[in-house]
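My structure is below; once you've seen it, I'll send some questions.
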């Protein structure tokens, strides 16, 4: 069954090359997304075998991630159909195919239970997403793709080195060097600590590059700025999530090895640093898509910060993983609509979005409030939980810095967002032919309502799943 | 009685000027004459203008009810009547000034501005004084503050009471628009405060205003006198001493008016701040 | 909406009647419980919220007609309702998460409705300042509730276990900043004037009348968790109150824009409320129930009253704005003839806000005064000194407010119109006048019959400090005397008016032009303008206000037409915060070179990170 | 043939230094190719005994690292008609010194890590680190995009050497996956390079710094 989840998108991707019509082809995306979503829900809700041989399998952690990713991709694929149809003269064969392949690889990376297999999957995600960035084939997107590819590959290479180190620490521990996670976790106490630490550093930096933690985030603004909005949403919600999942797995091994203090301190530092960098670059940011990219950097920082703090923080950051992904969906897709309508990403040319595009503009504003952690939206609870954990752990400086960063980010982000949303639309925008259609708006509305739902009602099954996942990571069953 | 004070003041000043001066009861004649007259209104004005004098007089009367005269309990007294006392004058001031502004004349506006400006400084001075009294009497009602109990207050708080009575005297001069703050019978509108405010009032209205002003003088005066001469014993003697005190006060005002020159407007705030500081210093003294 | 509001009022009154009602449902969010509880304190605020918003929405029908504002009329109505809902929620919330939800809904809805006319640049800027300020407040509350949770171990407004001094201090400071920002206590008032000035008037009425009181509510609610606050808490709050009151009114006097002026008066009144709160805190730390009753009662009653008369003032100001389309005081004048009812309403509001008898403002200020005097009569030096300085400060505030409102009322409604637009103004519609009438009526009611509200206040006091339930407000304050004298005063005034009228009927009065001391051509421009009226006072406070005065000297035989003008910007915002923000931005610009597009540099960052981490290990 | 490991690794290190020192692109690419071939041979040497999939890995490695990728790169520079790397960010000599320094440092660093008994004294770990370091140096100092690809290749080579230490741990298909990924990665890079060349008619990264704050 798990294998099916991977194969469906890949097959559809192959099919995408067969379909001729540029307008019919995009339909494959919602189909694939829907199929994947159905399959996932069958796997998660039904009691199908949770493992597929030794290589694939579900555990409390990747269950949550899998469900979330499938949902995210489905909504994005619905949007994608509308988007691609709205640009009929842009060839989308490669785009569609690699989008589906991307989904398959994401699923593989999530389900993989083997160190090397996960690495392979994540690397393939990187590769299959490269064409997505290069969709509107202009020099800028070319440069963005190049940077994304090279920096990503270097990062992933470091991750590979880290995996080897980890394996070597097992080898040095003098045990059967199987690289299955359950074995590693099980035999973690015998791992050789120097190698383990070295491995963790390499893996953290490597997968951190994919997550876009500062200072390895440099590819992010370029990539998100130049790629179509839905690709931004998928990268910010999907790829980063998978990378974070990888980091979590190694964190789990460290905590199983009772050698987690240094990992925690490292994560707290990098997390705060990422927030700081994001804050600095968000102030007076004139390009609203780059602003979203930095916001993504900030929230990656929050995620690892929560893990580093531990305690309730882990639960908080798992919840934030979902909240952030969904909210990023709102923001990126709404931004894409605005971009389509105004034909510019610069704040100078964009104003009065809420008058020109009432629905999209309102959604963009709401998404902004949500991502900055205003109740009653979901992110508030996750961020507050992390803050609470920091205070409860007596790390007042961390809590203080966290709040300061949140404030600076808000100050910077709000200036840009308000400039985009408020005011009088420019004549050019009034003239443009773009209109909100069902396919380009409905997914955003669903995203936002989900975020709102998580703000007023976290379904008990979900929170139970999150709690078990948190316990699973911290190795206290 | 209130108008009589005006008469006495007039006499004193005349005496200093070496004249015979108007009869003591002259103010009464003026007011009665004014009340008989017909009235003239500017076509700019509204009902506020007519309301001004009435409110002024009524509030003054109510304030008078709260004042213990010469060691006797006031007709009406309760915890915190001192606040009411102060704010009644405030109400009166509000409408007097509003009436002045109602005419739309530059001079009356100017007068109003000065009135409220200076009152901003007299109020704190008054309350500093009241705080001292509260501190000494341990009560929040005028009747007990400056009522019979004041006598022994002098024993342990004498020094600060002196300061308070002096600063209250300055407050009195300001509130009733006397030299050195204001010159009630100058002829140059630019230099006036109270008089210029009521330029456009005539006839009965002016009469009411005159009487209200005199009443205000009387009320504040009685407080000052009471604090300065805290006699409490035989009630009749009390009355006598009180009356004597009031006369002395009137004469004192007259003396001040005829010996001092009016301060420049810019210097008045300094004087009033000084008054505040005096009673504040009084507080510091009782704080010991 | 009106109906809903009325239902709310009924509910709240029921809640007052019955001992504290409450719902308590599970709420599956981290730390959330859907716990609604209406105790004495909440009830007070609930009534006020629904009353003002109901009246405001009626007013909005006339003031913000859909026909006149096709683009944002509906929007404003929607968010108006949302503000109300949010406030009602946060006031009733017994769970901190729920409180935060209500708080932020209120804040965001307020932002959206005050930027209704976001096509104007100033409105956008004001909205931005407001949003930043309110976000800072929200973050402080995040921190405060986090500390509270760490200290008490639950998410309710109930100190299950005693709070350590360190945590208590942290909570106090965070609460002061967080709630103070919302309430607009002096150094943290920066967002307030602009927001109130440029919001639609019924929104300003709601914001100034009720919304900023949510900050006060928060303070009251949080302080209620501390049975034995240290002495300096009360003194600190009292001091903040004095500063906020005096400087607030001082800034108010120097304004030209009458809505800005009213906004600064909100700062002043918040100051008075804080003074009351400070007295209550002193009382609580001394275990003196009289102080608690007087201080808290005064503060809460003033919250009420300020809601009423400031609502009244903003509504009447709105009706003036609606008629003349200008907010410049010096362009108005003589409106009493043209819009008599608005003028009357504004006059009543003005008298009330100056705290003059027989209106409601006097009663609450009287309570605060009594508290201050009592604390002055207390033995302890450090303590009564704070009280002793408080009373004169309050007196000063009252006098200044009087000066200010005489000025603004005179300049707006009395005298001759100073501009053409003003001369052609007409009285507003019934929708606009009716709510004002209701509010004016309430002002009189509370002013003359204060003992009606005394029991409500007592219940609130009990809810605040259950351990100090000694004295009833009726016993402490001369409320009956106040109502007696107030009634008599009104009676006497009416009688006097009747006499005057009769007198005038007997002796017909002639009307002439104003006597201008022999000037040849007296004209409207010769009237005393509001800035000239305030000149001396502004001078007295120039150390704080830093006015920009242009006083051209007119020499020569035929001098050019010149004008005396004095402009006072908001010192804290324009002279401190904005420059600081610009400096910070410039500093951050400097970091931009890091992201300079060169791949090699980016890879170098990765390498360096690796090395640093390796050596750090 | 286990005793061949040491000498081969030394040769690999020498190639690292050569990569850092030379400016002619063709030479650089050839050097990396040779390094790849050496790695393939190393695979056989490290692993005692003979097994089919070991041979397979060797062949694939030599094919990918020694033939396919270098061929692609060579074609790329032929199309782009560029001969040599002009002024790198850091001159060749300092680069060389840094490389040597890095190699020494990695020798020391490898000492600090506790090695498994079979690797004590073997050069595998330090050589791996030194090669990774070299790759990074090339990546960060060269201006030509093609050179950065080579740097990435060298980086991968270093990692491959590290991988040799746990030949038994790493299952066959994972090895294959890694190699495949490497190949596809380079392939995609090649495509992008092609686009870059067409877009900017040059492979100088100076053109690729339009996106910045």
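Each chain gets a letter, A, B, C and D, in the order it is written, and its residues are counted from 1.
The criterion applied here is as follows: contacts are C-beta pairs under 8 Å (C-beta built on N, C-alpha and C of every residue); 3 or more make two chains touch, one makes a residue touch a chain.
Just so it is clear, the model here is predicted, and its values are computed rather than measured.
J.: Quick one: name the chains whose C-beta contact count is the highest of any pair.
T.: B-C
J.: Would you mind checking which chain's C-alpha centre is most distant from the centre of chain B?
T.: D
J.: Averaged over CA atoms, how far is the centre of chain B from the centre of chain D? Could you give it in whole Å?
T.: Chain B and chain D have C-alpha centres separated by 100 Å.
J.: What whole-number Å value describes the gap between the mean CA coordinates of chain A and chain C?
T.: Chain centroid spacing, chain A to chain C, equals 44 Å.
J.: Find the geometric centre of each of chain B and chain C from their Cα atoms only, then give the gap between the two centres in Å, rounded to an integer.
T.: Taking the mean C-alpha position of each chain, the two centres sit 34 Å apart.
J.: Taking each chain's centre as its mean C-alpha position, how far apart are chain A and chain B in Å?
T.: 77
J.: If I count partner chains per residue in chain A, which residues reach a count of at least 2?
T.: Expected reply: 146-147, 150, 154, 198, 221, 281.
J.: Pull out every residue in chain D that's touching 2 or more other chains.
T.: Residues 139, 148, 208-211, 213 of chain D each touch two or more of the other chains.
J.: Touching pairs of chains, all of them, please.
T.: In this structure, the chains touch in these pairs: A-C, A-D, B-C, C-D.
J.: In the complex formed with chain A, which residues of chain C make contact?
T.: My answer: residues 27-32, 71, 97, 100-101, 103-105, 107-108, 115, 118-119, 124, 127-128, 131-132, 135-136, 138-139, 142-143, 145-147, 149-150, 581, 584-585, 588-589, 591-592, 595, 599, 601-603, 605-606, 608-610, 613-614, 616-617.
J.: If you look only at chain D, which of its residues touch chain C in the complex?
T.: Going through chain D, the ones touching chain C are 89, 136, 139-143, 148, 205, 208-213.
J.: Quick one: which bits of chain C touch chain D in the complex? Just the residue numbers, please.
T.: Contacts found on chain C: 592, 595-601, 603-604, 607.
J.: Within the complex, which stretch of chain A touches chain D?
T.: For chain A paired with chain D, touching residues are 114, 116-117, 119-120, 123-124, 126-127, 130, 134, 137, 139-140, 142-147, 149-150, 153-154, 157, 160-161, 164-165, 167-168, 170-172, 174, 177-179, 192, 194-195, 198, 221-222, 225-226, 281.
J.: Show me the residue ranges of chain D that touch chain A in the complex, using the header's touch definition.
T.: Residues 112-116, 132, 139, 145, 148, 152, 155-156, 158-159, 162-163, 165-166, 168-171, 174, 177-178, 180-181, 184-185, 188-189, 192, 195-196, 199-200, 207-211, 213.
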